[in-house]
Every structure is written in structure tokens, then in C-alpha cells.
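Here come two complexes built around chain A, the first alongside chain B, the second alongside chain C.
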Partner chain A sequence: MADDKDVLRDVWFGRIPTCFTLNQDEVTEREAEPYYLLLPRVSYLTLVTDKVKKHFHKVMRAEDVEEMWFEYEGTPLKWHYPIGVLFDLHASNTVLPWSIIVHFKNFPDRDLLHCPSNSVIEAHFMSSIKEADALKHKSQVVNDMQKKDHKQLWMGLQNDKFDQFWAMNRKLMEYSTEDGGFRYIPFRIYQTTSDRPFIQKLFRPVSADGSMHTLGDLLKEMDPTALPNEGGQKRYQVVIHGIEPLLETPLQWLSEHLSHPDNFLHICIIPTPTD
Partner chain B sequence: MAAVTNPAGVTERSGRVSAPRGGGRSMETWKREIVRQLNHRDRNQHVMYQDLIRFYTQLLEKTSLAKGILSCSKRRPSSDSSSSLSSLLHQNNQLKKTTGELAYQVVELQQQIKIKECVLEEQHARLSEGERQWTGAFDARQELQERVEQVRGQNEALKAEYDALLERQSQAETKLREEKVRGGRLLEDMIHRKQHAAASMNNRNERRSRAREAHLQRELQTAAKSKVTIDSCSSTPTTRSTSPKIEKQNESNERGHARLFRSASATSPKILSSIRELFHRKRRGHSVCSLVEDLNSPAALCLSARVPARARQVLEAHEQGINAVRFSSSSDLLATGGTDRVIKLWEVRAGGLTHRVTLDGSTEGITCIDFDPGGSRILASSYDKSALLWRLDDSVPKLTLTGHSRKVTAARFSTLPHQVVTGSADRTIRLWDLHRAACVQVADVASFCSDLVCSENCIISGHYDCKIRVWDSRTVSCVQELPAQGKVTSLDISSDHRQLLSCCRDDCLQLVELRWQSNDRMCFRADGFKCGSDSTKAVISPDGCFLAAGSADGVVYIWNVSTGNLETCLPDKHSSSISAVAWSLSGEYVVSVDKSRLAVLWSDI
Partner chain C sequence: MSSWRNHVRTSLHQRDKVEKVPYAGVFTCLSQLEERYEIRKQILDDLLCKSLGRSGVDKGKDPRLLQLQLRESEHMQEKLSQTVSDLTTVLYLKEAELQYRQARVSLYRQEALTLARRSNSQRATLSELQHTIECQSKELADLQAEVRGLKKALAQARREKEELLQRWMDEKRVEADRLNKYNDTQERWQRLAKQLKKQLRIEIGKEYVVTNTWSGQTEMLPTAIHWINSTTEIRRVHSEREHVSTVTQV
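Here is the complex of A and B:
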């Protein structure tokens, strides 16, 4: 159990070293220095980049500044995905630090959602939690919570307070022993190769014969191509929180321990680098 | 980095794909794998960059600050830097200028620093000065605190003292209030008593004036009736007219001795007695004492007393019991004193008593009365522990002699002028000087003094211890003690001072011959004679031949001295115990008084 708690802690405190550089096309009064930051994997880009924004504002004229957005190697980064997911999906096998280009112009409306304030992030976050609980407990747990409990979840994330968050999140992770797990596992599978943003389907943690479903079982159902083929050739990596759990890892445990604060298990399937 | 992890993951997984079917141990394996990978991930992505990024951020902040300082001077040149060399030169010049300016600034700043240092030193000095002052002030404060403590202690002591005083004051005040209240009450009481006394005085005055009026009326009535008795009155002058003749004869016979025979002895048929009187007179003439006494008393002595036979007048003389009765030396005035606190003077005229004046002033009953030899003053002793002296023409006492601690039983004029003697129940005999109105000598006796008489240079007192004591009046020392049969109730001395009569409670009169100091005694008793009280007074007749005393049964007994037998007794007038008897010096009248307010005038006709 102590290990489980450590896992939760490690997941929460996971960080990605990031270098923010201003887009070359931006009009500046002087040269803009790059800005380095350790980004929390479980948080959202727009929630933790106030300092970045401030840093670059110094060298820019106020009239040139519009809504800030981020791009990595030509891909606009969606703020409503957790940072860890963005990194694992787009940059997991690149040299650190992660180099992100900051834009203040030409917001790509087609690809990105606008984020005028933190309340938008909060709304998104809370809706994710409610969706996950709908899958896990038919929304019973989240509906039993009071407004302040919801607020506690959000404030825990916003202020990076592990204990505050988990004091409440614990309830969302409970299940009756006779069921052996949640009703359905809230998960999302991201693929770089696919056009779809992600795969999300109903999937029970316990099979019809009573055995626990594993990560491998999930992938076999959702994306068999992600699994190694007969020849043992591994074409894809299955990455959660920057690590590759073994395929026999029980899905229920993964959902309890490796889920993001939004209660979803975000799984990235990326092609194995070919060197 | 990820490239490094991957091979490990791949190698491990190759051995573990079949694990889920292997058993429970594989559960641990996948978890351990996750923990390991997480640690590895953190090491590569987090720990390695943590410090680096922090330092970079710090540096960035510092440079941005530096830039901020320099930006003002650099901004413009940098914007012009793209132009020609001249502008660069210009820039150089400007920079030099700024360097100069900066150097100047440095100098200036150094100067400022010096000034500041001076100021600092000054401040240091001031600070040390202030500290010194502070320590001084602190010491002073401590001193002051000590003083405060001292003063507080003193204050407390004073306060305690003050409280104590306050308490005492309050106590004193309450006492004062109580005393005031008591004083007020006493004052009220006194006022009340005074009012009472005034009321009773008024009452008495009124009564007296009414009595006087009544008396006047009675006199007027008698005057109106006097016409009828004019013949009987004429006989009296005739008898009187005869007496001067005899007086003249007597004068020649008695070698110029002034004698006033106002009694009717000359006309008395008792020749025997008159002869004895003459004899008696001669005998007295030999003594020096009698000579002195005769000089003192201008009053006449009778040749012979007449034994009374019937009552001339019976009257209710006082409002309460009568204790004392006395004739004046001139025999025309009678004084009675009673329990009703007054002395009444009666004129003895035509065989009757007429009330002349009432003397008051005593606050208690009168016990004894004495006239002075000149007949102008009257002395009385009283139950109120005092003796009083009146002049006959004034009803208010001239003197009140106070000093005895109990009732005064006897008061007599001494043979010396201006001296009186009193005897009291307080077992003392006191001599008083009338000039000074003060007690001059006190004799302590062992017993209650009931009566006393005075002779030349001696005082004789009777006591309840059955003794009669003779005192030298000059030294006031007891020179002789004579025995008696019982409690002595009264004493009387004969007019020649040779015989002393004492009346005792054993119902016996005793006559002692004083002359030879022989204590020659004669006892007089009678069947039916009973001494009625402790103050029953018996008398010797002025000629010394008879003794008179009143009995408890209201009968006056008269004994003959020469025979020692009862001469006569006078019954039926008194209904209660007779307290005193008096015989007029003329020998003509006897008055007896009793406890039931009656006074009876007896005479032989």
C-alpha cells in the first residue's frame, strides 16, 4: 500500500523540463530570452504558464499582444489535454528539454479552444471528472458531493496541493468489493497516426468469467495494432505518464493509480522510434 | 532519454509477457516495474533539470534587472546602431560624456558618503550620549521608584493610623451622641421636676393664702363676737397689773437681777410651790454657770409650774403626723413640726392657739425644733439630711446646714452664740458656725444619735446603744458615758442644767443628777405608760418639779419629781401615739402632739 501511495505521489509530482521560446515572427522591442520551466504533467498548459506570458510581455509592445498559444514542431498544443499527454504524444522520444514555441498572434481557431480565463479550465476539468464518475459510479459519488468539495478538487489541482486533492479524490476512487472494480473504466487512447482525437469506449474492469482485465486486454479490444505482433516486433509504445506499464497490469489498478486528476486514464500509443 | 528507458522495458517485458498466467508474484512485478519506471522518469526528466532551470530563472531575473537599469541609456543608440560610423563615433562621445558624468557622479556620491559617515558618527555620538542619558534616567527612575515605594509604605502606615483615628472618632461621636441624648433626657427630667416643684409650691402658696383668708375671716368673726365677752377680757389685765408689783419686789430681793415674771405664778394658789421656787432660785444664784446662762437667756423662768388638768384646745395642726413641738423662751409662741415638711408657729393667747406663720423649706419631714435663747430664730432638723434656720419674721429659711449623710434627728442651739449642734442617724454629731454657715467640728459616735442637749461647755447626746454620752464642746471628745435602760428616744435638760431627763424604749423616764457627777438616778414609770416610738419626746417642767411624757395610748403622763410618783394623767384627747410634749417656760401650758395630726393645749384651768 505504501507503494501505491508513492505511485500516486510520483504521478502527481511528475515534471517535464520545458524551454519556451518566442516565435520568430513576433514583433519585439528587443531580443527575447527563452524561458525555462518544469511543467507538472497532471496540469494544463494555460494554468501554469502565467510566468511565461509575463516574461514575454516584457519585450513586446502591448498592442502586439493577443491570446497566447503554444506550438511544438508545427503542431498547436491543445491546452485541454493534460500536459503529460501532450508531451508523451508529441515529444516523448525527443531531446529534453521540451522546446515549445510561444505565439501571440494568429490564433489557430480551427485547432485550439480559446482559454480566456482559469474558470474555463475549471469547467473543463470538472466536466471531465463528472464524465468519469458517470462511467465509474453512474455519477453517484460526484452528485453526492457538495459544491465546496468540487471546489476542493479544483483548488488542489490549481495550487498543486496533493493532500488537499486526494482527500476528496479518494471518494471518487472507491468501489464495492463485490463488484471488484468500477462499472466502466474511464479511459482515452490517443494515437498520433489516427485522425480521431482519441478512442473512448465502454470497457469493464472485470471480464465475464470474473478475471481482472489487463492493459493488454484493453488494447486488444480497442487497438490490436498497438500490441506487438507475432514476430515480437514492437511497433508501438503504450505510454502512460511517461512510462510503459507492462501489458499484464490490471486495468482497475491502473485506473485507480495512474489516472490523471480528471479521473481519466490517458493512454498514448506512439510509434517506436526507429533511431 | 526515452531511448534509454525503452531497451530496458523491452528486455524485461520479453521475460514477462507470460507472467499473468504464472501466478500472484507477477502482480508484484508489474507494480515494481511501474515504480521503477516512474523513478527513472523522474530522475531523467525532473531531478536533472530542476536545479538548472532554477538557476537559469535566477540569472534571467538578474539580467533583466540590469537591462532595466541600462535600458534608458542604451535604447536609443541600439536603435540607431544600424546607421553609419559617425553615429558610432557620436555614440562613443556620448558614452565618454556619460562616463565623465558617471565619474563626476561617483565623486559626488563619495562626498555624499563622507557626509553620511560624518552624520553617522555624529549619530553614534548622539546615540552614546542618549544611552548615557538613558542609563542616568534609568538610575533616577529606580531611585524614584524606591522613593515611591517608601512613600507608599509611609502612606499605608498613615492610612492605617488614619483609619484607626477615624474609627475612634466615630466611636467618640456615637458616645457623644449618646451622652447628648442622655443629657437631653436628664434636662427634660429636671425641667419636669422643676415644673412639678413649682406647681406644688404654687399649690401650697395658694393653700396658705386661702388658710390665711379663712383665718382672717375667723378673726373677723371673733372680733364681731368680741363685744359679748368684753367683761371676761377685763379680768386678764387686772391679773397682769398685779404682776409688775411683785416683779419690783423680786428685783429688790434678787440683787438687781432682771426677772420678768410673766407667768401667773404670783396669782397661783400654790404657795408651797412658790416658796420652793424662791428657794430654788437662791440656790441657783450661787452658781457662776447660772449667771452666764441667765445673761444668755433673757426669758423668764417660772417659779412653779402648774400641773395641767384639762385640755384647752384640740386642733388638727398639720396635714400629717406631728413629730416635734416647742415653746419659745417667751412662752407666747409655739412651734410644731410635722411629717408634712412644714413648721407652724402658733401664738399662745387667751388659752388658745392661733396660727401665725408657716415656715417651709424643708424637703422632708421635721424631726426636731429648737428656739434660740433670744427667741428670734428657730432651728429645725429634717429627714432631708439637713438642718434649717429661720428668722421668725421670714418664712424662707435663712440657712440650710447640709453635711449629714442620713436624716438629722436633733438640732439645738449651743450655749455659745452662733453655734448650733446637730445629731444624726449617720452616727455623727456636728458643730456648726452660723456666721460661716459651715460645719466646724464632727464627732464620730459608735451609735445612732437620737437626741442631744447642750449645757455649758458640754453636749449630751442620747443613743440607740442605750448610752448617754457627754462631750466636751470645745474639744469634741467624749468625756463621760452614762448608761440607760434602753434605746434613748429623747433627752431634756432642766433649766438650771442640773438634771437630765432621758426617755427610753423600756417605758421608763430617767432623771440624772448632773451636778455632782454622781450619776444619781431616778426612774419614773407608770402603769399604762408606753414609749410610742424611737423619737418620743419627754420634758421636764420649767421649775424642774414635774416630768411630762406622752404614751403610745394617747395619754399624757405627769410625774412628780420630788415624790417620784405619778402626779396625774391626761387621757381621752389623743387617739394615737403621742410623739412629743412641750411645757411652756411660764409653766402655764403643756402641749402634746401626736402622729394623727392633733395638737392639744393643756392647762390647769
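Here is the complex of A and C:
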């Protein structure tokens, strides 16, 4: 774990340059300038866009302002997915900065969850952590933590404090050497081609014969179409944090090092660009 | 280091080279400028409000500029205080982490000691087992030698048994021949005895007829009958004695 701390840092400090533009249909008092921001890959849209909201509020009348939401090329962006996942899923292989449209009207209730305050994001974040720990340690670690420890995890994410977050999160990443890994790997597989939001099933990091399961093993079981076909032709990219790990990478290591702060390993399967 | 691990590291660096590094400087600079602009704007607004209330005072200095500088320094001080606070928190966290690491090191040291102890005991057991194996190997070699000796003795005994059997068979053949010869002799003797008896009876008959010519009766003399009987008895005893001596020889 200690040897790979630089990987944890690289994952935490991943950034996406973004240009926020106000939707043309919004009523403004004067023309709204776009707003540029480096978004942390591991955070949530509504958690890091206070400045964006303030910026566009300046040019709008108070009565025209409703709940803010974001859209990319016609797709409403789900704030409860990590930013990096949204980018990899919808906008990877496109020109940077990432161009997001900001809306203050016509909230798409069917597609998005409401997010009136940061406490909603906190509740969602803590619920994900608890779910992940239920899979990894039967909730033993998260239940042994105190309220202030939970707060430290949340504050670490909210204030982008790597050390503060990992001082607590490392407990969630521990496992006994006898087990050789977590009980189950908390993962979610997102596909652009599927109607279902994501795939999430029980999958152990160690096989029955004692060998470590790899990313390839997981995909073989969950979504075999994501793997290159017999001719070696790669139709899909398997992306985690904007990179394509090798299929022989052990799943346990990936879960420990490439999981998001919510402790889930978010895997995006996107079609390989043709050009 | 594993290739997959290297691949992840390299890919993350590559990703940051494309997504983060070219934009970080510009975006940070822009953010700082915006922040500064906002502060200045706010301060100027405040000052404008104040200066409207007391116009014409302090004409020799530029109070607005001084106020601006003061507010800016105050803002900077706030930011610096925040940085100090952040660094203190980091220091506290690092200390906590150090303690955690030390605790882990102590735990691992304990584990290493236990393992070393277990390893020593297992080494001793192994040595004992090796000694036992050596002793048993020697014992096995001795037993194998003994088995070889016994097998040799058994083969010898079998050979001797064969020889004795052969000898016994030969002896039996000789005895059979002797018995056959005796039987032949006996038969011949019987035949001769018969002839002799017959002859004797004829002779006696003639003599009796001659003797009783006087008395008118023909009868055998008692001396002749006794002689025939005694000769037959002698012959039987002689035969039995010969048979006993043959058996004794075998």
C-alpha cells in the first residue's frame, strides 16, 4: 500500500479542465461570460460548482433562477456520479476543455436527483462508503468508526484534503493477510450502450483455487463483449480514472488504489474511437 | 515491478500531461485574478459608500488607495492564517500517521519474532526427523541383509530336501527290485517245494504201499510230514527277517 501512495495521489489530484457556458435559453440581464474551472475527477459536480453558480447568478434576475443542473451534448449530467466517471463516460476522446452547459430552468426530474444542499451529497457519499464496506468487511470497519471519523472522510473530500481523507480511508482499505483481499470487490460498470445505469454484482477478489482475480476475469463474467474479440480487435475501451489498465491487473489492487473516495471501483466501458 | 503496475503509473502521468498540466497554470492564474478582482470590486464599493458620507476630508492623502491596500493586506493575512491552519492540520495528521505506522512496525516486528521462533522449532523438528530417518534407514539395511541370508539358507535347505528326496526314491527303487527278486525266488521255491512235496508224496506213497503190503494199509510216515512242515516254517521266518533288514537300510 505504502509503495503505491503516489498512485493514490495521482488518482486524487486528477483534474479535468472545464468550460461552463450558460444555456442560451436562460434569461439574462447581460451576456454571460463562460466560466473556467479545473474539476477534481474524484468529486461531485454540485460540490465544486458554487463559484459557477455565483458567476452566472450575477447576470440573472433572482426570479429566473431555479435549481442549477448541467448538460453535455444533450445528456443531463448526474451529479451523484463522480465527475471523472461522467467525463470518461460521455466526453473522453473529445477536445478539451470539457464544455458543459449550465441550466437554471426545466430541471429534468426523470433523469436527475435533486440536490438542494451539500448535505444531500454528503448523505449520498456516506451511503456509498457504507455500502462498499458492507461488501468489503461486512460493515465492520465503518461501524467501528466514530461520527467524527465519518465527518473527517466527508470533510477531506469536500475540502480536497488528500491527507485528511486518507488518514481515515486507509482503515477501509485494510484486510487480513490470511484472506488475501476484501470479501467482495465494490465495483460498478457503466456502459454507454446499455439502458441500465450500471452493473453491480458480487465478485470475490480471490478465486476458489486461491489465485487473484484480474480485471479481465471480472469483465469476462460481467460483460464479455467489453473484451477484445478472438481476432484481437478492440471494440471497447475499459476506462478507470481516464486510463486503460491492463486486463491482467489484479482486481484487489485496483480496488485499493483506483477506487473513488466512495470506495467503489467505477469502470467505464466506452466504444473505441474510430478515427 | 509488475508491468500492470507500471502501466497504471505511466498512464496516470500521461493522462495528467494531457488533461491537467497544460491547463493548470492558466486556470489557477485566472481564478486568482478573478478572486482579486472580486475583492477589489467589493472594497471599492464599500469605500465609495463611505467616501460619499465624508467628502472633502484628508485631501493631502489618498485614503481610498490606503484603505484598499489595508483591506488587501487583511485579506492576505486571512488567507495566510488559513494556510497556517491547514498546515497545522496536516502536521497533526502526519503525526497521527507516523504513530499508526510505528504501531504497525511494532506489530510486524512481533509477528516476525513469532515466525522466527516457529521457524526455529520447525528446524529442530526437521533435524530430529532426519535423524530418525537415518536410524531407520540403517535398520532397514540390516534387515535387508538378514533377509538375504535367510533366503540363501532357504535355497540351501530346498536343495538338500531335493537331494534327500532323490536318494529316498533311488532307495525305494532298489528295495522294489530286491522285493521283486525275493518274490521271484519265493515263487521258484514254492514251485520247487510243491514239486518236491509232490515227489515226496509219490515216493512216500510207494514206500507206504510197499510197507503196508504186509498190513494191507497205505499211510504217510510221521517223520516225512514233520520234515515238510519244518522246512516251510524256516522259509517264512527267513523271508520276514530279510524284509526287516531292507526297511532298516532305507
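Assorted remarks:
One rule holds in what follows: the second predicted complex is superposed on the first by the 272 of 275 C-alpha atoms of A that agree within 3 Å, B and C clash if a C-alpha of one lies under 4 Å from a C-alpha of the other, contacts with A are read in each partner's own complex, and residues count from 1 in each chain.
What we mean here is this: a contact is a pair of C-beta atoms (placed from the backbone, for glycine too) under 8 Å apart; a residue touches a chain by one contact, two chains touch by 3 or more.
Only a predicted model underlies this, so the values are computations on that prediction, with no experimental measurement involved.
Once the two complexes are overlaid through chain A, chain B and chain C clash, as defined at the top of the document. Legend: residue contacts after superposition of the two complexes on their common chain; A:174 is shown touching neither chain B nor chain C.
By the touch criterion defined above, A:33 reaches chain B but does not reach chain C. Looking at the shared chain after the overlay, A:97 reaches both chain B and chain C. In the superposition on chain A, A:273 makes contact with chain B only, while chain C stays out of contact range. Once the two complexes are overlaid on the shared chain, A:246 sits against chain B and chain C alike.
Once the two structures are overlaid, the count of chain A residues touched is higher for B than for its counterpart among chain B and chain C.
Of the two partner chains placed by the overlay, only chain C lies in contact with A:164; chain B stays clear of it. Contact with both chain B and chain C is seen for A:17 once the two complexes are overlaid on the shared chain.
Applying the stated contact rule after C-alpha superposition, one finds that A:58 touches chain B and leaves chain C untouched. With both structures placed on the common chain, the touch criterion links A:237 to chain B but leaves chain C unconnected. After superposition on chain A, the chain C segment that clashes with chain B is 22-30; the remaining candidates among 22-30, 94-102, 148-156 or 202-210 show no clashing C-alpha atoms. In the superposition on the C-alpha atoms of chain A, the part of chain A touched by chain B in one complex and by chain C in the other spans residues 6-7, 10-11, 13-17, 36-38, 96-97, 241-246, 248-250, 253, 258. Of all residues in chain A, only 4, 6-7, 10-11, 13-17, 36-38, 96-97, 161, 163-164, 167, 241-246, 248-250, 253, 257-258 touch chain C in the complex they form. Remark: chain A residues 3, 6-7, 10-11, 13-17, 30, 33, 35-38, 55, 58, 92-93, 95-97, 214, 232, 234, 237, 241-250, 253, 258, 272-273, 275 touch chain B in the complex. Interface of chain B with chain A (complex): residues 1-3, 5-6, 9-10, 12-14, 16-17, 19-20, 26-27, 29-31, 33-35, 37-42, 44-46, 48-50, 52-53, 56-57, 60, 63-64, 78. Residue ranges of chain C in contact with chain A, taken from their complex: 3-5, 7-9, 11-16, 18-20, 23-24, 27-28, 30-31, 86, 89-90, 93-94, 96-97.
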